[in-house]
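The letters A, B, C, D, E and F name the chains in turn, as written, and every chain counts its residues from 1.
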Amino acid sequence: MKMIKAIIKPFKLDEVREALTSAGIEGLTVSEVRGFGRQKGQTEIYRGAEYQVSLLPKVEIEVAVSDAMVETVIETIQKSAHTGSIGDGKIFVLDMGQSVRIRTGETGEMAL
Amino acid sequence: MKMIKAIIKPFKLDEVREALTSAGIEGLTVSEVRGFGRQKGQTEIYRGAEYQVSLLPKVEIEVAVSDAMVETVIETIQKSAHTGSIGDGKIFVLDMGQSVRIRTGETGEMAL
Amino acid sequence: MKMIKAIIKPFKLDEVREALTSAGIEGLTVSEVRGFGRQKGQTEIYRGAEYQVSLLPKVEIEVAVSDAMVETVIETIQKSAHTGSIGDGKIFVLDMGQSVRIRTGETGEMAL
Amino acid sequence: MTRKTLLTTGALSTLLVAVAAPASAAVDPETTFVFNTLLFLVMGFLVMFMAAGFAMLESGMVRRKNTAAICLKNIALYSIAGLAFYLVGYNLMYDGVNGGFLGSFSMWNPGAGEAAYAAAIEAKDQAKIAETFGKISETGYAAASDWFFQMVFVATTASIVSGTVAERIKVWPFMIFVVFLAAIIYPIQGSWQWGGGWLAELGFSDFAGSTLVHSTGGWAALTGAIILGARRGKYKDGRVIPIQANNIPMVTLGTFILWLGWFGFNGGSQLALGSASDAIAISTIFVNTNAAAAGGVVVVMALTQLLFKKIDLTMVLNGALAGLVSITAGPDSPTIWQSALIGGVGGVLVVVFVPLLDRLKIDDVVGAISVHLVAGIWGTLAVPLTNSGASFVNQAIGIVAIGGFVVVCSTIVWLALKYTIGIRVSEEAEEAGLDQSELGLDPNPPMGQVASGTA
Amino acid sequence: MTRKTLLTTGALSTLLVAVAAPASAAVDPETTFVFNTLLFLVMGFLVMFMAAGFAMLESGMVRRKNTAAICLKNIALYSIAGLAFYLVGYNLMYDGVNGGFLGSFSMWNPGAGEAAYAAAIEAKDQAKIAETFGKISETGYAAASDWFFQMVFVATTASIVSGTVAERIKVWPFMIFVVFLAAIIYPIQGSWQWGGGWLAELGFSDFAGSTLVHSTGGWAALTGAIILGARRGKYKDGRVIPIQANNIPMVTLGTFILWLGWFGFNGGSQLALGSASDAIAISTIFVNTNAAAAGGVVVVMALTQLLFKKIDLTMVLNGALAGLVSITAGPDSPTIWQSALIGGVGGVLVVVFVPLLDRLKIDDVVGAISVHLVAGIWGTLAVPLTNSGASFVNQAIGIVAIGGFVVVCSTIVWLALKYTIGIRVSEEAEEAGLDQSELGLDPNPPMGQVASGTA
Amino acid sequence: MTRKTLLTTGALSTLLVAVAAPASAAVDPETTFVFNTLLFLVMGFLVMFMAAGFAMLESGMVRRKNTAAICLKNIALYSIAGLAFYLVGYNLMYDGVNGGFLGSFSMWNPGAGEAAYAAAIEAKDQAKIAETFGKISETGYAAASDWFFQMVFVATTASIVSGTVAERIKVWPFMIFVVFLAAIIYPIQGSWQWGGGWLAELGFSDFAGSTLVHSTGGWAALTGAIILGARRGKYKDGRVIPIQANNIPMVTLGTFILWLGWFGFNGGSQLALGSASDAIAISTIFVNTNAAAAGGVVVVMALTQLLFKKIDLTMVLNGALAGLVSITAGPDSPTIWQSALIGGVGGVLVVVFVPLLDRLKIDDVVGAISVHLVAGIWGTLAVPLTNSGASFVNQAIGIVAIGGFVVVCSTIVWLALKYTIGIRVSEEAEEAGLDQSELGLDPNPPMGQVASGTA
C-alpha cells in the first residue's frame, strides 16, 4: 500500500476530489498548508515596510491506496490539478506498511 | 521505526491522547484536517441554493514509534477512537528510516 | 528519495526556511500543528476552573529530498531550529518511492 | 412609587414651578413634552443597541460552531419580544394595575389624547389645541416614546436568558419561551412595581430594574439551565472542563456596547428631562452607572489576580456588567464612591458565583446568572444603604415575591416545552454545532473559499 | 411636498401657535431652532454610523480574502461621497429646484443668514439679533446640521452598491462611480422630490427614502452587478455554488448597527423636533421602524424554516433590513401591526428574490438588490395603504421615473469605466483575493505571528 | 479662554439676550440648563464609546496571541482613569487654577449649589428655588454632566498610550502608569488651558484637545515606546519586519467607532447648546470634523497608491484618525474645504511618520504616535490659519510647554516602573503571547471545541 500526498492549488481541490471519486477512490484527507517553491510570492509593502510573501496557500491531499491503484491515482491527480502555470504542486508517494479502519478493525486494503 | 498516522473524530482527541500516554507514548503531533469518506455530509441550503457538505472536520494524529510499539499503539488508538458509527477514521503506518531530536541531536529510537 | 518531516517551534520557521534555501532546497511545505511531548503546557485557570494546556503550537515542515541530500537537510534543520530548550522538536525521515511535478509531469528527483 | 408616577412627579414639579412662578425661568410644558420624549427616544435607542451587545458578547463566549445560532437567537428574540410586548405585555404591565397584581389583557395603542391633539392641530382650532395639549401634557411625553423605552427593557430581559442556555437549546422552543416571558411573565411581575401594583404601594424600590429586569431574566435563565442540563463534556468525572471563549474581542465589544446602553437604561429610567432637577438627576445617574461598572472591573481584576495569579478577562467583563446590574436598582442616590463600591461588590459576587454554579453543575455559558440574578439581588438590597426612602424588608419582599413568581412560571413553561416539543438538540447536533444542525451552515466551507484572508 | 417644506410646515405650525397664542405653552422659536438642529445632529450621527454597519455586514458576507478590501471600500466611499455631496451634490439637489428637474451646480455653503446673525451677536445689537434670528428661524435649524443629515443619506446610497459588487470590483473605478453617484445621480433624482421638484409637485410620497435612497442604491447596484458579471465559480454547470459568509457575527453586528441607524434615518426625516406634534410623530416613526424590522425577521425565520427545513440566518438578517427599507417610505402613518406586516412582506421578497437573482445569474454578494431595490419598491407602493394623501399612480410614476433615470445614468457610468480603465480585477487577483491584489496584504502572514491566539 | 469660561460666554450671550429683550425668542434659563446638560450627556456617551473603538482598533492590529490582553488593557484603563480622575484629576484640573499651574488636590463633588437647589425644591419654597436656580444657572449645566464629559476625555488620553505599547507591556505596571497619567499628568497640563491657567491667559487655543488630549497621550506613548523597546523581531539586521494586523475588519470597526465618537468629542466641546448660536457652532463642528476625517482618508489612499503602488488600508484608517486629530484644535472656524485640507495634511503626516518612526526603531504597534502626537501638533499649529484669534507663537508655546511637561513626567513614571517592578514581559511570555502569559488563556483551546464553526 502507498500513501499518496499531493500538494495542489487550493481552488483545484473540488476538481481533484471529484476526479479521484470518479477513479474509484472512496476516501481522502485534506489539510491547509503553505508552500514555498519556485513560485515566488510578491513583494508587498505594509505600513511602509517591504516584505516578501514567502509562503503561498496550498492544499495537501492524502490518499492511502492499494499498490494497484497508485498509477491511476497519480495520473488522476496530475491531470485534474494541472493548470500549467508555476506552483501547480507535487505528488509524493510514501511507503505504507499497514492500515486499519477504526470502526470495524479491518486492516490492509480492506481498510482503505 | 514507524510513523503512525491516525485520522479520528475531533471530539475523540483527548481520549486518544490520554490512552496513548497511558500506553507509554511520550510525544505526538496533532493537526486539523478535513475528511472525505463513506460518511457523507448533509445536504444543506444556503440562501436558497443547495450544497453538499463534502469535507468533514477530522483530527490527524502523528506518532513516531519504535517497531516494538507499533502494535500497542495501533490497538490503543483503535480502541480509544472507536465509536462504532461511520466516519471513525483510519490508522495508517508509514515506514520511517530515521529520527532526530533537535534539542539534543539524539537519533533513532532515542529521539522518539 | 526521502520525505523529511520536521516539527519545530513556530518562531524558528523563518530561520529554518532560510537555512534550507541556502543549503540548496528549492521547495517545502509547511503546516500548523500542535504538539504534545516532554515540554508540558502550564496549568491555567479559566473562570475558576483549572485546566492544563496540553497541546502546544508547533510548525511542521515537509521537505522531499533526494537520498544524497538527506544528511545535509537533517543537519541544516537541526542547527537552525535548535534553541537548546525543551520542545525544540523532531526530525523524521520517511521512505518515499516516487515524486511527480504536477505542472510538467516530471518524476523522481527531477520533480523535487 | 410607580415608574409612571415617577415621571408625573418629575413633570409636576416643573409644572408647579411654572404655574406658581409665571415670571420664573421654568421650562414651558410643550418644551418639557419634547424633552421627555427625546429622553425616551435617545435613551431608548441606546438600550435597543444592547441587543447587539448581548449578541456579540454571547457569540464571543460560545464555541465557534455555535456562533451563528446564538446570533440568530439574539436578533430573533429582540424582534419577537417586542411584538409580544405590543400585543399583550405592555397593557398587562401598565394598564389599570392600581395597586393590584396585573393590568389588562389588551393591545397597546397610543391613546385617544394624542389623536385629539392631532385633530385639533389639523383643524387649527387654538382652544382645542390648548385643551387637548393640556391632556397629553399630563403624562408629559409621546405615548409611543414611552412604549419604545419600555419595550427595549423587555428585550433585555429575554437577552439575559439566551446567553445561559446557549450551545444546546433548540431555536424554536427558545422563541416560544421568549413569547411567554415577554407577553406574560415579565409584564405581570413588572406591573407589581412599575405598573403601580402592590409592590409599589408597599414601598419596594427598584429604580431601573435590578430585580424587575435583571433578576427576572436571571431567574428564567437559572430554571432554564437546570431543566436543560449542562453542555456535553462540561462536567466530567467530577471536574469542570473549561470551554473557552472563541473570540475575546467580540466579548469585549459586547461588554462595551452594554456599558454604553446602560447609560440609556438607567438614565432614561428617570423618565423625565423637562426640568433642571431631572437633568441633574440623569447626570448623577450617568456618573454612578459608570462608576459601578468601573468598580466591578477593578475589583475583579484584583481578585482574580490574587486568587488565580492571573487576571481572568472574561470574569472582568462579567464584573463590569455585574457592577452595572448592581447599581441599577438605585443609581440616583449614592455618591460616585458608593457606586464604585456597590459595583465592586457585584464584581466579588461574579468571582464567587461563577465557580460555585459550576460546582453545582449549573452550566451558564456566559455567566448571566451570576451577573444578572445574583448581582441584581445584591443591587436591590443595597438600595436602602444610600436611599433613606427604601427599607431592607420591603426590598427583600420584592425580591422574594418576584423571584418566586418568575421561577414558578418559567419552570412551568420550560417543562411544558421539554415534555412536548423538546428543548434540547440531539447529541449529534450538539457535537456538530448548532450552526450546522439548526441553521444548515457548513462549519467547514470549501477550502478554496476561506483558505486565505486577512480576518 | 419637499423634504424642506416638510420642515417648514412643522416649524410653522409651532410658530403659528406661538404667535396666535402668546400665553400658550408653545416652544419658543430659539428653543425650536435648537431642537431641530439637535434632531439633525443626533439622528445624523446614527445614520453616519450606518457606514460602519454596512462595512461590518459586507466584511462578514464576503470570503476571508476580500474582507480588508471591502472595509476599505466602505470607509472610502463614505469619505468620498461626503466630499462630492459638498462640492456638487447638495446644491444640485436642494438649491432652487422649484418644481423642476435639478438644482444648481454650486458648492454648498451655510448661507448669509447665519453669518448675519453671528455678526449681530458679535455686535451685541439686540434689534439686529432679533431681525437676523427671525430670518434663520424661518428654516428653523442650523444649515450645517441639515447638510450633515442630508450627506449621510447619500453615503448610505453609495454603501448599498458596494455590497453587491464586492469581491471582484477594482477599488478606484468603484470610487469614481461613487463620485458620480453622490455628486450627480443621487442629487438629481433626489431634487425631484426632496428638493421640491416635479415629483413633489405631482404628489409622490417617500418619507425617508425607500425609493430616493434605497431603490436608487439598488438600481445602481443592479446595473453594476450585471455589467461586472458574477464572481468566478459562483455559477457552474447551471448550478448555483453557494459562497458562504466568513463571519456571521460580523454580519449580525452590521445588521444591528443598521437597525440602530435606521431610527435616525426615519426619525430624523421628520426634520423637526420643535413641537409636541413633531415629538409624537418621531416616536411613532421609531416604533413603526422597529416593528417593520421585527416583522421582516419573524417572517423570514418562519418562511426559511418551512421552505428549507432550517432557518437561514443571512436571509433573516436580510429580512430585518428589508423590513426597514419597506417602512422607510411611510413610517409615520401605519400602526405597529401594519408596520410589522409591511416589513414582513419585505421579508417575503427577500426569500423570493435572493434565489431568483441567482437563477438569473445576477451575483449580489450581500443581497442588497433584494433588500434595497425590491423592498424599496414595495415600501413605496405600500404608502397609499395607510396614508390617504398618497396614490398608487403617483407612487408608480415616481418609482419608474427614478428607476429609469438611475438605471440609464448608472449604466453609462459603469460602461464608460468598463471600457476605459476597466472595473474588474484579473482572474488571478480574484483568486488570490482583493486583500492581496488591491491592498498588498499577505493573506498568509508569517506563521510565528498568528499561529496562536484567542481571537 | 478656558474650557469653563467658554461655556459661560455661550450661556451668557443667551442670558443677555433673554434679559435685554424680554419679549424675544430667547431660550429660558432652565431650558438652557437642560440643553447644556443634555449636550454633555449625549456627546459624553459618544466619547465614552470611543473606549470600545480603541479596544477594537488595537485588538485588530496586534497579533492574535495578544488580542485578549489588549482588550483587558482597554476596558481596565477606562475604568481606572475614570476613578483616578474622580479622586484627584478633576479638581487638580479645574478647581481654582486662576491663571496658575494647577488646581487643588481634592476629590470632585457636585458642589453645594445643586444640593441647595434640590433642598429648595423639596421644601417647595418658590423664592429659594428661584434663588438657588439662579446660582446653578450661572454655570448652566448639571455638575455631574460636566464631570462625565471631562472624564471621558482623560480616558481617551490613556487609550492612546495602550495602542503604542501593546504586545509587550505588563498589565499592572501599565495600569499604574494610567493612574499617574489620569490623576496627575493630564490634569496638570490640562489646567493650564481648560482649567483657566497660564496658557489660557496667554491666549493659547485648543478647542477640543489636539494638544491637551491627543498630543499628551502621544507624548506619553512615545516615551513609553522608547523606554520599553520594540517588540522582539520587529527590527532585524537593520530591516523592518512588518507584523500584520490579525483582523482588519476589527480595525475598521474601531476606526468607525472613533469617528462617531469624535462628533461628541469636538461637538460637545462647544460646552453649550442653549442658544441658536451654540447649535449653529456645533453643527459647523460636526461637518468640519467629518470633512477632516474624509480628507485624511482620501489623501492617504492617493498617497499610498502613488508611493507603494497599492493602497495601504491600515494607513488609510490611521489617516481618518489623523484627520480627526488635526481638526480637533479648531473645528469651529474653518470651512468644510479647509477642514478637509487640514485633515488631509494629517493624512500626509501619517504616511511620512509611520515609516520614519520605524526607521528610528520606535515600535508603535498601532501608529498612535503619528496619529495623535504628530497630527495633534499639526492641528494645533493650523488653528491660526483659520482663526484670527490665535497666534502661531502662542500655539508653539503651548505645544512645547505641554510636550516638555508630559515627556518629563512620563519619563519619570516609566523609568520608575521599569527599575522597580519592571514594565516588560519576559521573552518567553512575549513569544507565547500576552493572552497566555498575562491572562492564562490557552491560545490553543481543545480542538474539539473550536475545530469547526462559522466565525
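Please note the rule applied: contacts are C-beta pairs under 8 Å (C-beta built on N, C-alpha and C of every residue); 3 or more make two chains touch, one makes a residue touch a chain.
Quick caveat: nothing in here was measured; it's all calculated off a predicted structure.
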Which listed pair, C-D, B-D or B-E, reproduces C-F with over half its contact pairs identical?
B-D
Comparison of B-D and B-E by number of C-beta pairs in contact, larger one:
B-E
Interface composition of copies chain A and chain B: same or different, split at half
different
List the centre-to-centre spacing of chain A and chain F in whole Å, with centres computed as mean CA coordinates.
52
Cα-centroid distance, chain A relative to chain C, in whole angstrom:
18
Got the chain C residues that touch at least 2 other chains?
11, 30-32, 34, 44-46, 51, 55, 57, 94-95
Tell me, which residues of chain F touch at least two other chains?
28, 31, 38, 42, 59, 67-68, 233, 244, 247-249, 253, 308-310, 312, 435-436, 440-448, 451-452, 454-455
In the complex, the residues of chain D that touch chain B are 233, 431, 436, 440-444, 446-447
Taking the complex as given, what residues does chain A use to touch chain C?
2, 5-8, 31-38, 54-55, 58, 60, 70, 74, 77-78, 81-95
Chain E partner contacts - residues on chain A that touch it in the complex:
11, 34, 41-42, 44-46, 51, 53, 55-57
Once bound in the complex, which stretches of chain D touch chain F?
13, 16-17, 20-21, 24-28, 31, 35, 38, 42, 46, 59, 63-68, 233, 243-244, 246-249, 251-253, 255-257, 259-260, 263, 267, 273-280, 282-284, 286-287, 290-291, 293-295, 297-298, 301, 305, 308-313, 316-317, 320, 335-337, 340, 432-433, 435-436, 441-445, 454-455
As the complex stands, chain D meets chain E at residues 28-31, 33-34, 37-38, 40-42, 44-45, 48-49, 51-52, 55-56, 59-60, 67-68, 71-72, 74-76, 78-80, 82-83, 86, 108-110, 114, 117-118, 121, 124, 126, 129-130, 133, 136-137, 141-145, 147-148, 151, 171-172, 244-245, 247-250, 253, 435, 438-442, 445, 448-455
